[in-house]
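To keep things simple, chains are lettered A, B, C and D as they appear, and every chain counts its residues starting from 1.
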Amino acid sequence: MDGNPTWLYQLSKKGKLCIPAMNVNDSVTKQKFDNLYCCKESIVDGLKRTTDVMFGGKQVVVCGYGEVGKGSCAALKALGAIVYVTEVDPICALQACMDGFRVITLTEIIRQVDMVITCTGNRNIVGREHFDKMKSGCIVCNMGHSNTEIDLVNVLRTTELKWQRVRPHVDHIVWPDGKRVILLAEGRLLNLSCSTVPSFVLSITATTQALALIELYNAPDGRYKQDIYLLPKKMDEYVASLHLPTFDAHLTELTDDQAKYLGISKYGPFKPNYYR
Amino acid sequence: MDGNPTWLYQLSKKGKLCIPAMNVNDSVTKQKFDNLYCCKESIVDGLKRTTDVMFGGKQVVVCGYGEVGKGSCAALKALGAIVYVTEVDPICALQACMDGFRVITLTEIIRQVDMVITCTGNRNIVGREHFDKMKSGCIVCNMGHSNTEIDLVNVLRTTELKWQRVRPHVDHIVWPDGKRVILLAEGRLLNLSCSTVPSFVLSITATTQALALIELYNAPDGRYKQDIYLLPKKMDEYVASLHLPTFDAHLTELTDDQAKYLGISKYGPFKPNYYR
Amino acid sequence: MDGNPTWLYQLSKKGKLCIPAMNVNDSVTKQKFDNLYCCKESIVDGLKRTTDVMFGGKQVVVCGYGEVGKGSCAALKALGAIVYVTEVDPICALQACMDGFRVITLTEIIRQVDMVITCTGNRNIVGREHFDKMKSGCIVCNMGHSNTEIDLVNVLRTTELKWQRVRPHVDHIVWPDGKRVILLAEGRLLNLSCSTVPSFVLSITATTQALALIELYNAPDGRYKQDIYLLPKKMDEYVASLHLPTFDAHLTELTDDQAKYLGISKYGPFKPNYYR
Amino acid sequence: MDGNPTWLYQLSKKGKLCIPAMNVNDSVTKQKFDNLYCCKESIVDGLKRTTDVMFGGKQVVVCGYGEVGKGSCAALKALGAIVYVTEVDPICALQACMDGFRVITLTEIIRQVDMVITCTGNRNIVGREHFDKMKSGCIVCNMGHSNTEIDLVNVLRTTELKWQRVRPHVDHIVWPDGKRVILLAEGRLLNLSCSTVPSFVLSITATTQALALIELYNAPDGRYKQDIYLLPKKMDEYVASLHLPTFDAHLTELTDDQAKYLGISKYGPFKPNYYR
């Protein structure tokens, strides 16, 4: 389920990719549904099921404002939390600003927040220096990818900190002075460990993956080399169209005249490949 | 200001492009700021200045759920309007559904709406058959591009309809039975005709355009051919970083270890070119 | 927990109230926190835990737009649902309109919705004629009070409908043609049966109730007769002030000059008793 | 238009009220529509028309979280501003927290905000010590009542500060070091001076006032003494019902059985008088 394609591109760079591959993770439907919309649902679900936390009035820092961060921030803000964002990428940082979030470093804000949520796809985001400054009762969880965002072994698996398993997926980490930090799913993905994933989103992801495999299998010799490709836009649109009846959504059809004006086919693809 | 690059690609397809060109419109900063964020501000501003309309409880149909449509819908919904969306592209349609908008055809909804807003970049979106079904008092405006979305000449410039200019940019079009439709800016762009554009957004657009020109001018021979290019990601990020101090935003810097893990430079570009 | 004071006023009307009583339910803190804010949290929690439903794009009808309905609608809309409201009270109906919800009768909308949520404090809101028109898969639950909003015995406990318990608090009710309606908690309160109530909200409610009892006990003879009273505003404000440190909220203090201008004490009460 | 009834109650306390009066300002329709919903619309309109300010990413402090403050905060947050609240009343402060706003004193936050909006109904909210700490370019305006919230004469009408009228309703106040603060409408009500008021809201207010006058005129001798009364709930509901057709809203009618269960008439009043 964790579709981060970083390792695929690294394999390719090293010349070790021996078959054609499709980067399904960066197709529009996958990006928006599996990442943005799904996380918007599961951040709420995962936190409620594990901690029963009330969102109203809580101060939360979300590390990373990619699709996962955007979905998480939108849901938390909508339910009354006060959300801060950390970012390394100036484009995403500027988007966070325009969406109404303060962009700040983790060190500046860590003392006052009630929750820390990592959504970076990177590693060692929350270090011991941050844990030491958290308030007692602060909740820490990972929505990003794999379990590297919080470096457990070096940071929290030390002799002076006591671990107490209070219920499945919920550990209290107790400092010598009695301070408790609440770690969810031992830093693994909250959305996969502690919440359900809507079957609708799984259907989109599975359809995208199946179509990618069919395309690779059926493609005439030479269309794909030992490289990484994005899903053809037309297929991406087909995946979406298969899921519209769920919402009783009624598409408008281009007239011949309109299609000609836009210089595209009436039946798509409707946007250039890079469109998101 | 109207950055739609359709004609540029049509020129290129016909082999009539005689110099390298940058499609600045589809750079991330331009797309998100000039289109999404700017329209989110100016749809509200433009409608208020021209019509003093109250948004609460109003039923609105927005044609097109690209960046302009997304921004317009978000603002109108946030201020209490009930918003419906029309779309031709199933991906954008599915996004509209997930964002909480009914996707429906114009013909189905036209009788009950208080406002019609076109954001398609296409032409002849609102035809005479739609105008004839509108309620008296319905407001019609265009946020899309140029002035083709509403076909004035064939549709509204007819002898049986009377035009009354009630104030600058506001025409009442009067049907023989007394019904009035309120047309803004004669179907030209509302955001450019009837609202101000934030200087911040102009600064982003202008910076993007200036950097693109500098890049084209300075590039070594052979880097760019007679083709259309997207702005290099690195420059897009540079534009964003120049605008962060406005919001007192504090970027986080990658550690060497993190940059290595991601396989990127500490100083960007941080995302692949197709990322939005 | 169900604080509806209707029966108390009926008792009083009949002259059967033999001691003074405080209608704590209608104190501001109780109304807003136990009803509005708490339900905003628990509607999401209760639906996720029982059904794993995705909110994005779902069509929902909420019956009743009092505090409970307002909280439920706000949360569902914020998470991407399309929400319709039914109301009997024109003031609440007008508020729903201004907040961006279509006000409609249950009969008009029942065929197209994915969820029905009752928040009326009344009875027999969803009748057999509504159940018969629902789509297969429609979820029905009660956020209102007691278990009267859905008349189970006369409506769903009939021989031609089969009940299947699919997990705790979740019944599928199966029509002869195979249609399934998903009933939660057998029509009892979803927020109490299937979600947790934030301890913060319980603390507010319990503090309000304790202060009311202390006031009744300590009051000098004659202050309270055999009647129903609202909690004195001053105590209501005291309850709130005790809970502000949770959010690290910093109150502003009136200057002597400002208090004099307003004609109130610097230490409250700050609003007239009817203020909400 | 400024309906603050403080002076009316002060008159009554002093025994100087010589006729019966209705406090129309605190009827539900007036409170919610003229104050909450109207200000939600006009804060956006007033700021755009005077300053063309972009809301996205702006830091704003709103002084006072009554109905006017609630409406202003909701609109600004919805359009991407980061909003802080100051309050004297712990109940309103707690509501601000739950709605996702940091509650803080003006002195703590004044250095970092881009806008200061007063909504208190009190006086001398923004003092010289605050003005001196503002950033250059900070916008200051009043949504509260009359023009007392900002003490111009003692605070800004001093010799070392230069006033520059840059357009109607917009003054730059220039500090000796060149810092400029942008004062709107000389501290008078922004919503009345610089934005239009929706005719719908005026209709509600006027209907409420007319009905109150008719009631006072028609009432049998003895119904009203030389005191201040709230509008009878039934009339408040009538005002609302007259305005529902604007939104094509369809009320549900109570059945006889339901009305009996609730102990009320089928035709209202539907709520106790103190309900808001």
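Heads up, the rule we're going with is that a contact is a pair of C-beta atoms (placed from the backbone, for glycine too) under 8 Å apart; a residue touches a chain by one contact, two chains touch by 3 or more.
Per UniProt, the chains are A, B, C, D = S-adenosylhomocysteine hydrolase-like protein 1.
All values reported here derive from a predicted model rather than from experimental measurement.
Both copies, chain A and chain C, contribute mostly matching positions to the interface they share, with over half of the numbers common to the two. Ranking every chain by how far its Cα centroid lies from the centroid of chain C, the top place goes to B. Work out the mean CA point of chain A and of chain C, and you get 33 Å between them. Chain geometry summary: the mean Cα position of chain A and that of chain B are 26 Å apart. Here the CA centre of chain B is 40 Å from the CA centre of chain C. Shown for chain C are the residues in touch with two or more other chains, namely 37, 56-57, 80, 97-98, 102, 246-247. Taken in their complex, chain B has these residues touching chain D: 37, 40-41, 44-45, 48-49, 52-57, 59, 75, 78-80, 112, 195-196, 198-201, 246-248. Chain D meets chain A in the complex at residues 56-57, 77, 80-82, 97-102.
Those residues of chain A lying in contact with chain B across their complex are 6, 9-10, 13, 26, 28-29, 32-33, 37, 86-98, 102-106, 108, 121-124, 148, 230, 236-238, 240-241, 243-244, 246-247, 249-255, 257-258, 261-263, 268, 270-276.
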